[in-house]
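Below you'll find the structures, each written out as structure tokens.
Look for chain A in each of the two complexes below; its partner is chain B in the first and chain C in the second.
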Partner chain A sequence: MKLLCVCGLGQGTSLILRMNVEQVLSELGIAADVEHTDVSTASSMDVDFIVTNKELADSLAGVNAKIIIVNNYFDRVEIKNALEENLK
Partner chain B sequence: MEIIKWIAANVFGTPAILLGFIVFIGLLLQKKKTNQIISGTFKAVIGFLIIGAGAGVIVDSLTVFEPMWKEVFNLKSESLGKFIGQEGFNAKYGSAVTLAMTIGFLINVLLARLTKFKYIYLTGHMMFWTTTVFAGIVIHTVGDVSFWKLVIFLSIIMGLYWTLQPALTQPFMRKITGNDNIALGHTSASVALIGALAGKVLGNKENDSEKIKLPKGLEFLRDSNVITALTMGTLFLVGAIIVSLKGTPGAEELIKKAGNQNFIIYSIVQSFTFAAGIAVVLMGVRMFIGEIVPAFNGIATKLVPGAKPALDCPIVFPYAPNAVILGFLGAFAGALIWLVIIGNTVGYVFVPTMIVLFFHAATAGVFGNATGGVRGALLGGFMTATVVAWGQYIMVKFLISSTIPDTAMWAADSDMFILGPIIKILAQLFF
Partner chain C sequence: MKFLEPNLVALNVKANTPEEAIRKAGQLLADQNHVDHSYIEAMVESYKNNGPYFVLAPQVALPHARPEDGVKEASVSLVQLAEPIEFGNKPNDPVKLVLALGASNNDEHLEILKKLMVLLGNKETIEKMIHAKTYEEIENFIRGVGA
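Presenting the complex of A and B:
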């Protein structure tokens, strides 16, 4: 299973999101590859899930991956709820 | 002795290998699985080497942009002169930069542990560029210096900067985010503070930017590749049309560069090439920062109780999305005004790279809105363009011209411009 964390520049914010997603996944006991990138690159990558916010999700419409929306990248509770809802 | 010499030359003297080594240790400390350690280490090495390739692409398109706008402003075309350039600089000083970034971070952790400033700087790509640009200033100022002297000088400066910068912006961050859990760790701190002050003096707090409705069509501004290509494309297009109509010998010379291709089409392709070069460099940076920062974070959370992460500037964007757009609009207008004014006065062609302008201006916009509403947000953006335009001129012409002016044109930004002269003075004192 591959997850991609996405922000506008693909450098800092998406990396923080990736670290939080990785931590939540390990708490949930789910093994997955998590990477981070910018929104342009994300639309051409072959992954199972894309984790991003609502604004960027609009420009990713049409990709094959399922999009998981997280609005606060630093709120582990929101990330956990969003992942649980979509991965089960 | 021979072994130490061999290690010094081949590990510490080869930046890509040194970086791979640091990442390898970081992944070991995090107790990652063998396959993750191997892929992470390899990605770090490859990532570092990719930066040089992307830097070459950026420079190629800038060597079209610069003479083109010089012709538009009727300036004498003098080239930047001899300089090392990012690729050569990485090869020669990349090890010192990499090591200074690592030791500087450890100083940051130590200071957070011992003082009341509990901030841990985690915006890895800006850590890399700031250390690189400061190294460029030191080498330009004092010439070749010994490896360890450079490392120690940069480590201390970076450690102090990464600890104190988040502390300076935190009073406003508390106001914006409504809590004290996260801090701003980004080189846009100076323009954010200027934006907040300008908003306080000249703005109107009651007129909050979040009360107005902005068109939905501006959402594409969140994509860094698109804004870069769009703005550089516009500038290349305007420049190409003016040059095509001029008919001067200089203009004829430039048009010849396009060969059989139409000059305007050629120029537009150059603007996309510029954006492509930046995308390549950022991919390289992402590949090794993505491996180092989690290790940094692991070290910090273990050693510093109550550590507050200082994070990339988009963390403030969700608190005032309209101010983000207003900040950008203020900066865009400012960039165009300064392009013309600086071109016609001191004769420097300002390269308004939107990655730098957008993210910084957006942050300054959010800070400006917090103290001065809509007017504060617009002013924050305009002040960002002002600092970046004049800062780029001073940096490229006087602080870094023999080392990495190419990098300063697109990757150096607000805090680096404000601190640049101080670094130069300190370098003169200590070397």
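Presenting the complex of A and C:
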């Protein structure tokens, strides 16, 4: 299973999201490949899930991956709920 | 690495638009010579091109650009707005705290992101930073995310 954390530039914020997503996945006992990148690269990558916020989800509308929306990148409870809901 | 040192924090700042708020947070970094002026412009450009995705938590914006846009030292500044501003990010608007991130390519970048995760992962800390009247009131939180 591959997850991609996406932000506008692929530098700061997607990395924050990735670190929190990885922590939540390990708490949930789910093994997955997690990477981070910018929104334009993301649309050409072959992954199972893309984690991003509402703002960028709209510009990823055409991708094959299932999009998981997280609005607060620092809120691990929200991230956990979003992942649990979508990865089942 | 420069993380929210006294001269990188400005409280009760007046700004009328997201662009003005981003510029003021970026100017704090530029005034200390941690970024070039071009970096401020790149942050504003990124907002125009990518939208308000960097409003990462309720009331908190984290504008940034690429290291090659003119970062001299990995750094973070904070502007606490006198009046909240709508950035256009529905779930997290309005914004009260603007933290400009001077992103670097080295290990300090990761360290800074970890500090931010600890600082902004605590909702009580965010509330206190929003209402702080003096730097001293937030100094403990900043120290708390230590090394």
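Convention: the second predicted complex is superposed on the first by the 88 of 88 C-alpha atoms of A that agree within 3 Å, B and C clash if a C-alpha of one lies under 4 Å from a C-alpha of the other, contacts with A are read in each partner's own complex, and residues count from 1 in each chain.
As a convention for this text, a contact is a pair of C-beta atoms (placed from the backbone, for glycine too) under 8 Å apart; a residue touches a chain by one contact, two chains touch by 3 or more.
All values derive from a computational prediction rather than experimental measurement.
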Partner chain(s) touched by A:19 [first = chain B, second = chain C, both, neither]: both
Partner chain(s) touched by A:11 [first = chain B, second = chain C, both, neither]: both
Contacts of A:37 with chain B and chain C, given as first, second, both or neither: first
Partner chain in contact with A:75 - chain B first, chain C second, else both or neither: second
In the superposition, chain B vs chain C on chain A residues touched: B
Residues of chain A at both interfaces, chain B in one complex, chain C in the other: 7-9, 11-13, 15-16, 19, 39, 53, 55-56, 71-74
Chain A-touching residues of chain C, taken from the complex the two chains share: 46, 49-54, 56-58, 60, 62, 64-67, 89-92, 101, 103, 109-110, 113-114, 116-117, 120-121
Chain B partner contacts - residues on chain A that touch it in the complex: 7-13, 15-16, 18-19, 22, 35-41, 53, 55-56, 58-59, 71-74
Residues of chain B defined as touching chain A within the complex: 122-126, 181-182, 186, 219-220, 222-226, 279, 282-283, 285-286, 289-290, 293-294, 297, 309, 311-315, 318, 321, 355, 359
Contact footprint of chain C on chain A as seen in their complex: 7-9, 11-13, 15-16, 19-20, 39, 52-56, 71-76
